Structures are given as C-alpha cells and as structure tokens.
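In what comes next, chain A is part of two complexes: it sits with chain B in the first one and with chain C in the second one.
What follows is the complex of A and B.
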C-alpha cells in the first residue's frame, strides 16, 4: 500500500528532526515495498492453486491439458459443474454437512461441559487432566488410524456417518476443551457467583450466563471442528467405503479414477467444497478473531 | 427477618489463615458492617455466608438452619458485588427478573412484571429497563445491582463494598439510599467495607476485623468511644489518633506522664483511668479529646505547629512542652494560628488506655 505523497510540508527553519530526513523516508518506503512483496508472495502461494483450479474447472475438457496453458479460459464453460449435479454430488455434500454439523454440535456440547468443569470446579487430578488433554493434541492422527478402524469395526460403526461424526468429535475434543477452558477462565467469576446466589444451579449458570457470554470462544472452537470435519480426507477414506456414506472429499478423490483423471469434475467439485467453509469464515470472522485472543473483548 | 450466626468458623488457604475461629451472632433485621483493611477476613466471612467458599471448620447458620453444606442457590440470600456483576448480555429488565425466573421457571409473566416495576420504581430505574448494563452510568449500574438483590425479598442481603466504585458525592447519596432501603424492607443486611465512615453511618453494629480475627463487635458509638484494642482505636475515626506510651500518675493530682509530655487529668472524668495508676499504658488521644484555650491556667502548655481547616473544624497540630506532638480540635472562629502559645485541657472521659504489650483496652472492673 503506497500512500500519495502529501507534498512538501511547511517546515520550521531549523534542521528537520532525524525522523523526517530524506534517507529516513527512503528507508520507510523500502520497508513498505518489501512488506508488500512479501504479502503478495504469500497470497500467490496460498491462492495460486485455488485460482488455477478455478480456472481449470471452467475450461472445456479438451483444453485442460493444452500447452501452453491458459490462465483465463478463452472458452469458459459450466459443463463440469452441470455434470457434478447430474451425477448426484449433492448426496456427498449432504453427507459431509451432516457429519460436520453433528461433530460441531457434539464437540461444543461435550467440550463446554468439560471445559467449564476444568475452569471452575476444584477436584483431584485436575492439573494432570489438563496436561493429558494437551498431550492428546500432540498425537499425530495417522498413527491412531488403524487401531481406531479396528475399534470402530468391532462396535459396528465402521462405514457409517455416525462413526465418522463420533470420530471427528473425539479427535477435535481436546482442542475444543482447551480453547473453551481458556475462554471460560477469562470471564469474570462474579457473574457466575451472582447467578448461583440468584438461584441457578451449576448447569443453569453455564447455560444462562457462561455460554451466552462465550460466543467468540464457541465460534472459534466450532470453526476448528467444522474445517477439520468438512475437509477431512484421511479419516473418511479409511473408515468409509460404501457409496451412500461417502463424504465430499472422498467423492472428489474418486475422480482420480482407475481409468484416467477427470480434471474438469475434480476441480469443479473441489471449488464447490471450498465455498461453504469460506462462507462460514466470512460470516463469523469477527467472532473468530476475538475468540482466538482469549476473551479479551467483552461487552 | 433472619438471624445469622457464625460459631468457631475457620478458613485457611494453605498456610495462610484467612479466618481464625470466628464467632459472630447477628440479630434479625440488623445492619452489620464488616469493617477492616484488605486481607483482614471480612470478605472471606461474606463469601462463607454466601456459600461461595466452604468453611474448614465451625458452623454457619442462617435463621437457625445450618447452611455449611447448602449451595448458594438454596440459601435464600441476595448479594450485591463490588463490580455489580450485572449480566452484560441481558437488559436491565432481564437482569432484574433473573432471580425470579432462576428460582421458579413457571412464574407468571404478570407477577414478574409487577415486581420488576415496583423495584424499578423504588430505585428510579423505570426509564432504563430496556438498556444494557454497558449503557448505564456507574450509579445506575449500582442501583440495578441493588434492585436485582431486592427483587426476591431475600432473608439476608450481602453487600460487598457496593459503593467503592462510585465517586465521593454519589457515594454519600447512595449511603442514604441504602439506609432508607434497610428501614423500608427491614431485612438483615451484612455489609463489607474498608471505609470506616461508611460503616459508622450505616450500621447498627460494626464487626471490626484484622488479620483474620474479629477485633470488636459493637455499635458504632461504642466502637468509637470504647475501642477494644489499639487496632480498633487506630482504624476508626476520620484521622489517626495520637498514641502515646507513658504512665498514669497520682502524685500531684491525676496525670498522664510520658517521657516527652504530660497531660493533667480531671479526677472525676478520669475515673475509668484511675485504677491503672502506676502502670505503663498507651493512651489513645483523639483530636476532640483535647480542648485548646488561649490562657494556660490549669492547662498544659503547648505551641501550635500547624493549622488545618477541615470544614466545620480547625485541626491544630501542637507540640507539648515536653516535645510530644498531639492533635486538637478547635472552632475555626477562635482563630488559632501557627506559632500561638496555647493551653490544652484533656477531656479525660474521651481518653482510652491500652496495655502496651497486649494492645487490649484497660477497663476498670475487668
């Protein structure tokens, strides 16, 4: 961002202060240019593949692999998107949506109870429990996939949406508990004491006072679960095999089929899968940021 | 109207003793101030009564019922917090109705409205019912907090430094409002404060705390005139009293003699001091216990070192002939000025003697 030169400023006759000299201005301009370049680079790295995918999804199948490649398609078409809907992609979208929403609700419900207990009750082993939760977060997901699959199979929940939703909840609970624990702890305890004295039980205090004041914390935690559940490929591809319970990322993977790569539908469905998450983030952006800073913003 | 009793109540945090064996009996309908510096145990006492913390030992009763194991929501109390603790996500109306709805889910809307209207009317909140707490001034928030406590007509009101966040003028006005409130509703009120003026003006009895112990529990007049120990003597009153170590002597008429000064005591007025003649004492001398005069006839000589005008009184900082510094109260109309040579007569009835080692008040017949 460069700013228009404000023109010569009226100056006293004495030598200008050090921070107004020409060399200082040059350095400042240099720093700004450098910053801008870095921002552009980061944006290009992050957005480049998405833009490329979007461009590809609009090209007719015959031109996708054409050389030299076109960044802006010369003959844009929506045929791949149309194909997605005729082949029933909405079923996978619905599967993903159901699993994500259930996982978000379950992890917020269980997580807020656990976090409140950790934040406000005194009990033996609390510190150990907190450390345990942090430790759980550091276990890499792939390392538990196989045992989880065995477990899920033995309780009859493999290859089902219920199993997936429960797994996502289990994987994301530690971070949800940790985020909410921090947020609850930052709320003034007098509000809860007032509610107790006014006649609320513990659970009513949580419901009527703590949760309504924890919007940003709940949104931040919910978004963590949502993006994980919506985007997850690894867990779903291991746990789910039937067509009827496939989630969107697994379905997209299907376009890298045995008989060749359908780049058009692949990129088109990938674009579709990005949209809901972006929409939700834009919607809750304000809450998300204040939630991440641990309840520093309160009414 | 409900009594409140503490019997041998103890509370410690690790090695720190917050409250060391409290015995306190509050009569139904009393307005009791728990007064003391920070860390004296007064807030611990209030939180124990509210059920926000658990006692290690001893028994707490509200209206004869032991409440040690009763959760706060079942103690039938109301509390006003120092920072008001208004629910920020609720309007004034919703804040006021909160205690009614929390207790009884099915309470009729008309009943709630009638009660909220009445309380809002009493406290002048009628126009603010739709506002949120952050849209109110400090004084208005304070009144909403009071209203939320009043609405349920609880057995016992607990107030935790409710005026400390208000400016000085507003504080004095709210003091009067709280006193009027007590007279109107007649509930038992327990009021925590570190401000001795608040305690003196509001309470029917004051419980003075220091270092986790109850020092004295008596009426404001009694506490001021007959402090139980040096701590109480020093804590009460607008300005610190002068404490002088010396001896009561009977030789040439009754007198208090210190190494650096001497005060003659009228034998009739000093009857409560006479039994301690001959032993070392610490004498507590408040400004109003010394009467300055122009002549030095029959009075102890002193020189005015400084004059301070405090509204209706002139406060004279004087040096006795022996060198000791004392403070006396005078009428500003008398025109005492710095450097004047004056006489000081001790009003012996207003002097209290303390044991120099224990700090306890020395009282005849005890």
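What follows is the complex of A and C.
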C-alpha cells in the first residue's frame, strides 16, 4: 500500500436510543438466531462423522447395526477398546509415536541448520535453494510412492521404521526450513552480532542465541511434522508390510479388511488415532495456522 | 528489518571490491549448514524419481529388470482402458471437488472473518476434519454412507429409497467421494482465503459504503478482485492435492463400483502394489509427475506474487 493511511474513519455517532424500537430489537434477535443456526449447522457437518464414529465405538456389538440407529448409546461400553488392547494395538501406537518423534527431532535438527544459513549467511545459490524448497513443499506424495518404494526396496530400507522416519523427515523438511527461515529472519540480528564479537562460531551462535529465542517457531514446525507423521497413511501403507513395523494408520486399514462389517473395533481404533491430534490441535491452534498457508500469503 | 538490509548492502559493497571473497569461509559454512537438507532431498525425493525413470524403461518382474522396453511401458499405460477410465474419474472428481471446496471455503471465510470468540471456535471446529488423519476421515464417512449404519436409510427412507446403497451406485459413489474432499479440504481453502481477506484494508469497504455500495457490490468489486492471488493459490494447491490424492478413493469407495471412482492415484497404487507391475507403475507415476510439475510451476509463480522470498 503506497497511499498514506488516512487512519480509522470517524465512526457515525451511536444511533440515538429512539431508533431502538421493538421491531429493531426483533430484527436483531432474528439475525442472531439465524447466525446461531448457521453455526450449529456448520459444526454438525464438520463434527458429525466424528461424533457418530465416537458414538458407534461405545455401543455394544448387538446395537451397532440396530435400525433405526441410536444417536447416543443407551448402554455405553468400552468393550471394543478393550478388544483392541488385548489384540495388541499398543504396539502400533508405539511404532507411530517412535517414528513421529524421530522425524520431529531429525527435521528440526537438519531444518534449523539450513534455515539459519538461509536467513543469516550469504552464499551463491541461495535463491535457487529457496525456490527449490518451495517447489518441494508442493510435491504431492502419492505421485512419488511407486518410485520411492522401488528405491527403498533396492537399498533395503523398505519395511523398516528407520526408512519411514527418514522419509517423513525428507518430506517435511521443506516446510520446516521455510517456517524456521521466516522465524529466524524476524529475530533481532544485534544479539547474534554480539555473540559473534564475543567469539562464538556460527554454530554456537545458532545453538546459544538463536534456538533459545525460537521456541514458538520450533513448536510450530515440530507440531507440523508430528501430526504429519502420526497421521500419515499413504506412505506407510506402501512401505510397511510386517506386523512389527506397522504404524497405527496402517493397522487401522488392516482392521478394515479384518473386521469387515464389525464397526465397533474399527471406530474405536479410529478414535484412538484422532483424539491425540484433536487435543494437540486445540491446544496449539495458532501454531498450525502459520504452517497451513505454507507462507504463501503474508497473513 | 531495514537495519539488517543496510548492513547487508554495506557488506555486499565491500565484497565487490574484493572478488576473491566469493569463496569466503561464510559461504563454506553456509553450504555445510544446508548440506544435510540437500542430501536428504536428493536421497529421498530426487533419487527415487531418477530410479523410477530408469525402471520405467524396462519390463520388471518383481524388482528384477528383465527386458529393455524403451517407451513400451508408457505406451502400454497410455493405451490401457484402466488408466483412461481413471483419467475420466480423476477429472470429474477434481473438477467437482475444486468447485465446491473453493466456494464453501469462500463462504466460510466471509462468515467467520471477524475475530469474535464464536468465530475463533467455529474456525477450529471447521479445521478438525482437516487436521485428523485422512484415513480416519474417509473411514468415518464410509461408515456413515454404508447401509449398515442405518443413517442413509433413515434419510432416504421417506423417498422410498430405504434400501439404496450410496456407495454401490456409480453416480452417488462419485458424489460421496467429492463430499469427502469437500468435508476435509474446505477448511484449507478457508484458511488461505482468510489470510487474503485480512490483507484487504477496511477503509476500502468503508469508502464503498459511503458511496452507497451494497454488500454484493462490495463483494464483487472489492473482495473478489483483491482476493485474486489467494483464490488462485487455493485453486492450484487444491488441484495438486485432488489430482493425486489416493486415500479418499482407496478407503471410502475402493475405486468401485465398476471402477467408477478409481482415480489415477488409485490406479497407480493398484498397478504397483497389487499387480506388482513395477515398470508400468513407474511409467504412469512419471507421467503424472510431469503433469504435476506444471501445477507446481504455477504454484511457484503465484508464490512469487503472494509474497517475496525474504522472511
């Protein structure tokens, strides 16, 4: 915006009380009611399938297929959750957690080094690198699955948690670097210059000055990798086949074939997968939003 | 930020006087810092594509290259009915999903723009289908649409269609697939468009109001033109997603009935991991990837207009 900001326009003086007639109040109440109804409809569509799945997961097996269906289970039970744990779902939960945490640590480590260089050091090829990173962010994963499986199989990394964690790291590094690059660039450079004058090397400056100041940036980037790795299904279902290496989403997909029309355990496993994500999302909402636009719009 | 710029310019002028400084220790440090990133991307994104390109030229019997076929795999893939059908399915799915997702995202963005408490909560609620696992989302929709759940029976019963199965009819199965995309991805469109709306100065609306412009006039004459880049960004990024997405079709409809909802992503998956025709699967993957490169190029061009590359 080049034109000078004229400042906030003078607001028209508040309407005199005489205007607040009964019909004015009624119209206002009507608008509010309409707005509330619209909000309720939006929420019902967005959350309906999840709540319905939750309700199903709590119904005894005999009532799941009852017609007409009960929206709220009258005799809630945890039998499906118990069944999942007796058949060992915790192993898959553990696999998912391990892979996700390793991917977060790797991508934050590699990502903060690269982001620091991009934000603070001068070198040739920097612009090309930045464009490469943005291009990599938009590569759709399903389109590279076949070649990636071909490669991982030929080097023996397919069907291993290591291979999966490395893939997740490589796939999420571009967005991590991008978020941290923006964050590091917004820090005051004077502190780093002071550290340099005091004899800190670049890596010491990064470790002792930049990273301690970058908590929110690291949290945002880390959460992004965490939910990606925890949620991922397409990469894992292609790369993983052994029981011991299966992550939670692959196990859930397996249940779809195994339990067939038995939706009790299926919906229960679905709830186990999404409850942690929803909790983390509600706690750290604003961090998610910064990553979603991928920095494509100054917000 | 401007202070930093000034320092950089000064340093750059200094550099110009000493041409040797190009190979400065700083550049060496910088390349050391970005090396792990570059290696990771080369190893897990570039190398697979290169190897896939090589494999696509051969007949492959379970990862053994047996016979050089040149572009034979590409020809087989392009002339196969399965792939051609999948292209039609992908086109239908992408076009309808894009239309509804962007429209709904726009409606949501306009409705939830003001930063009130209610709106903040509503935005979070709309985002829930987007942040949970795609697999689980499609699974839950499959349960809702299945005849067993009894929900579709309850809704369709009054129309005499109590026994109708949504996922068993080609047209309604495609509609179900589109609804999965709209349910999950409208939130993404909303977020991108909200960021764009925030950047429109409020005085423009105030001025238009003073000039007597109604809500529709303000929307078409101010909002839409100024949202052009965010809208295009949403369209391109969603298109990349829809053209390639695998989970929706694999989990919700399984590509059925009669391959009516078998998108190209799913066809590729079946070719590679069900039929194990690795040569042909790689050929199809590369064809799709070349198409993606066009979309990614468009995305990059928009990115340069949406914001500069500096932090």
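As a working rule, the second predicted complex is superposed on the first by the 235 of 299 C-alpha atoms of A that agree within 3 Å, B and C clash if a C-alpha of one lies under 4 Å from a C-alpha of the other, contacts with A are read in each partner's own complex, and residues count from 1 in each chain.
Quick note on the criterion: contacts are C-beta pairs under 8 Å (C-beta built on N, C-alpha and C of every residue); 3 or more make two chains touch, one makes a residue touch a chain.
The structure presented is a predicted model; accordingly, all values stated were derived computationally and were not measured.
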Quiz item: Which holds for A:131: it touches chain B only (first), chain C only (second), both, or neither?
Solution: second
Quiz item: Does the superposition put A:97 against chain B (first), chain C (second), both, or neither?
Solution: neither
Quiz item: A:83 contacts which: chain B (first), chain C (second), both, neither?
Solution: neither
Quiz item: For chain A, which side has the bigger count of touched residues, chain B or chain C?
Solution: C
Quiz item: Once the shared chain is lined up, is A:196 touching chain B (first), chain C (second), both, or neither of them?
Solution: first
Exercise. Kindly classify A:204 by the partners it touches after superposition: chain B alone (first), chain C alone (second), both, or neither?
Key: first
Quiz item: Given the touch rule stated above, what does A:213 touch, chain B (first), chain C (second), both, or neither?
Solution: first
Quiz item: Across the two complexes, what residues of chain A are contacted by chain B and by chain C?
Solution: 298-299
Quiz item: Where on chain B is chain A touching in the complex?
Solution: 50-52, 71-73, 75, 77-79, 81-83, 85, 87-89, 98-99, 102-103, 132, 134, 148, 152, 158
Quiz item: Which residues of chain C touch chain A in their complex?
Solution: 3-4, 7-8, 11-12, 15, 22, 24, 26-27, 29-31, 33-34, 36-38, 40-41, 43-45, 47-49, 51-53, 55, 63, 108, 111, 118, 122, 124-129, 131-137, 139-141, 143-144, 148-151, 153-154, 183, 187-188, 191-192, 194-196, 198-199, 201, 203, 206, 229-230, 233, 237, 240-241, 243-247, 251, 265, 268-269, 271-273, 278, 281-282, 284-286, 288-289, 292, 295-296, 299-300, 302-303, 306-307, 309-311
Exercise. Could you pull out which chain A residues touch chain B in their complex?
Key: 188, 190-191, 193-201, 204, 208-209, 212-213, 298-299
Exercise. Flag every residue of chain A that touches chain C in the complex, lowest number first.
Key: 1, 6, 9, 38-39, 42-43, 45-50, 52-53, 56, 65-69, 110-111, 113-114, 116-119, 121-124, 126-127, 129-132, 134-136, 138-154, 166-167, 169-171, 173-174, 177, 181-186, 189, 202, 227, 230-234, 238, 249, 252-253, 256, 261, 263, 266-267, 270, 273-274, 277-278, 281-282, 285, 288-289, 292-299
